[in-house]
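Okay, so subunit A shows up in both of these, paired with subunit B first and subunit C after.
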Partner chain A sequence: MNIQVNGRRIQLNEHEITIGELLESYNVTKRISVVEHNKEIIKKEEYEQTKITNGDTLEIVHFVGGG
Partner chain B sequence: MLEIGNKTFRSRLMLGTGKYPSFDMQKRAVEVSETEILTFAVRRMDIFDEEEPNLLEELDLQKYSLLPNTAGAKTAEEAVRIARLAHASGLCNMIKVEVIGCDKTLLPDPFETMKASVQLLEEGFTVLTYTSDDVVLAKRLEEEGVHAIMPGASPIGSGQGIVNPMNLEFIIEQSSIPVIVDAGIGSPKDAAYAMELGADGILLNTAVSSAGHPVKMAEAMKLGVKAGRLSYEAGRIPKKIYASKSSPEIGMIK
Partner chain C sequence: MEERYSRQELFSGIGSEGQALLAEKHVLIIGAGALGSANAEMLVRAGVGKITIVDRDYVEWSNLGRQQLYTEEDALTSLPKAKAAEQKLLAINSRVKIVGIAEEFHAENAEQLVESVDILIDGTDNFNTRFIINDVTCKLNVPWVYGGCLESHGTCLAILPGKTPCLKCLFDYLPQEGGTCDTLGIIGPAVQMTAAYQTAECLKFLTGQLMSPEMVYFDVWERQSSSVEVTKLLDPECSSCSSQADYPFLKKEKGLRTYMLCGRETVQVRPGQIEGFSLKALNDRIKQVTSEVRGNGELLIFQINHLRFVVFKDGRTLIHGISDTSEAQKLYQQYIGA
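So, the complex of A and B:
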């Protein structure tokens, strides 16, 4: 399936994957981050239940330096 | 003590965390400044770079309150989206509403700023609104219930200092919520001046991060803010046109 992560098109072999699994695969879990799935913020407790399917859009954001 | 929403702070200096020459220097500058509030921006994570240094992950979050901003937003809708993302981190409830209306001057869009502030107040955020030095807009924002008003001293990152002290004084005088002078501070004299005018605090970034010596400048800013505050509390003398002697006239040696 094809998904969009932070504006980049990403191809995955899986047909379905949870947000938890995706974050794990990018080693993001230990970093302070927030996930938006199809414009909806996903709570950390929901990572394992929320499924990503073909065509979904994800934003994985964090805090960076700013004034 | 500075009170914003339900929090109190000893330091009246808030520091931005952008544009430092090095990560190490930034950490030292933050420490030396004795600030208790740090601003951050919300951006996409580079998920392909696990080693990307992140100040936040090295901070003792007991020591600092995070003030994420909505920088990058040009509409109320974008600002609200960023604020919600920041809040979902579970690390903060404060938000600096910043909605830019002009790319060249980085001056805020008053209409979108107002809209975003009202919406975020409804959602329970502690709202600190970055605004121009417009006196009436500041009043209107206060009436809507924002927790602090953050008028710019001059354009963001310009280092021009306080270009309109009169408007700042009007805003300070009318305001019953904290007034944090944000943007445009160039040197400690500007910070001290704003504090002498009665500002409750200063937020700055570039003046420290882009200084020749950011760590020294962080200390200088801390002292500038303190000096200005003390002066405000002490009450400066009124200005006079002519001189008045400091030494007594009686007992002169003839």
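So, the complex of A and C:
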């Protein structure tokens, strides 16, 4: 399937994955991330249940410690 | 129109009215590392009335690659960053009142430092201090601008206590995982871009405009960026910013406090209260133990075996070459005092 992540088009072999799985594949720590799925902000408790399907748009931001 | 600020006043977002407002404002910057330096220089050039900058560290060679206020001379003399920053900022704009404080920002001094400022800028490199900032700004209703950067990426979020989500609303624990600038590295462009977002939000607030409700994230190397509007995540039961807040990070501790500086094989030891502590007396005492002693009036550095001790005026000490906090506490009691 094709999805858009942070403005970039991404092709995935899976037909369906959850937000939790996508974050893991990007190595993003779930507890310090904020995710918008098709313009809707997703609560952390819902990452594992929320499914991403073909054509979806995601914005992923996360906190960074350094400075 | 004053020549110095003429270009900024021409910018429609600020104008001469905005410029006049800036001159009356007081900004507190916590941390004078890479982000703190970059924000401070922009705000001083922009003509903010007063800047207070607080930092617990001193200048080292590894800082010169990106911490723009410092020079080789500062690293050679191990000048505290707050003092070196104060000198450089005054040389840039002598009309701005600048106060450099070479201390740690902690639960005991946080309220006193924050109570009279208009806004706070995060120039820290750790979440421990950021959660103290978060609690104290929520308690005193002072806005602040979070910024963080690592490798080639960075992020920024402006926080208006009670109106937009605070740090605690967005995540509820102290992250221990993830790298630091001392382990994964950092490049100057990531610093500059993060600081640019922070200073822009700060200037908006100081000139009476709304700050952005979006959290922005970018990778300047990969040319990627993203923004998410986070207002919906304001937690009505937050322990830091709601009406039931109990400010967990402002709880005061007693006695010696130790803190491991991530990725640096360094432990900081901070005494609660030590009466009559003087660097000069310590200098005289320590010379009988080791000949490797030097100082610059602001701090005293001495070496014992493979360990390097850097002692500040308030007795706070960085012990380099150790990563065991209880061992560090023992060494502190042995060489500096109880």
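Everything below uses one rule, namely that the second predicted complex is superposed on the first by the 59 of 67 C-alpha atoms of A that agree within 3 Å, B and C clash if a C-alpha of one lies under 4 Å from a C-alpha of the other, contacts with A are read in each partner's own complex, and residues count from 1 in each chain.
Definition applied: a contact is a pair of C-beta atoms (placed from the backbone, for glycine too) under 8 Å apart; a residue touches a chain by one contact, two chains touch by 3 or more.
All of these numbers come straight from a predicted model, not from anything done at the bench.
Once the two complexes are overlaid on the shared chain, A:29 sits against subunit C while remaining clear of subunit B.
In the superposition on chain A, A:59 contacts both subunit B and subunit C. Touch criterion met: A:67 reaches subunit B and subunit C at once.
Once the two complexes are overlaid on the shared chain, A:41 sits against subunit B and subunit C alike. Of the two partner chains placed by superposition, subunit B and subunit C are both touched by A:6.
Note: residues 6-7, 31-32, 34, 36, 41, 59-67 of subunit A belong to the subunit B contact set and to the subunit C contact set alike, using the contact criterion stated above.
Taken together, the subunit A residues at the contact with subunit B in this complex read 5-7, 26-28, 31-34, 36, 41, 43-44, 59-67.
Those residues of subunit C whose C-beta lies close enough to touch subunit A in the complex are 31, 33-36, 122-127, 147-150, 153-155, 170-173, 175, 177-181, 184, 186, 191, 194, 215-217, 224-230, 232-233. Within the complex formed with subunit C, the residues of subunit A that make contact are 6-8, 29, 31-32, 34-36, 41, 59-67.
Residues 16-20, 26, 39-45, 47-48, 50, 54-57, 66, 68-69, 71, 84-86, 88-91, 156-157, 183, 203-206 of subunit B touch subunit A in their complex.
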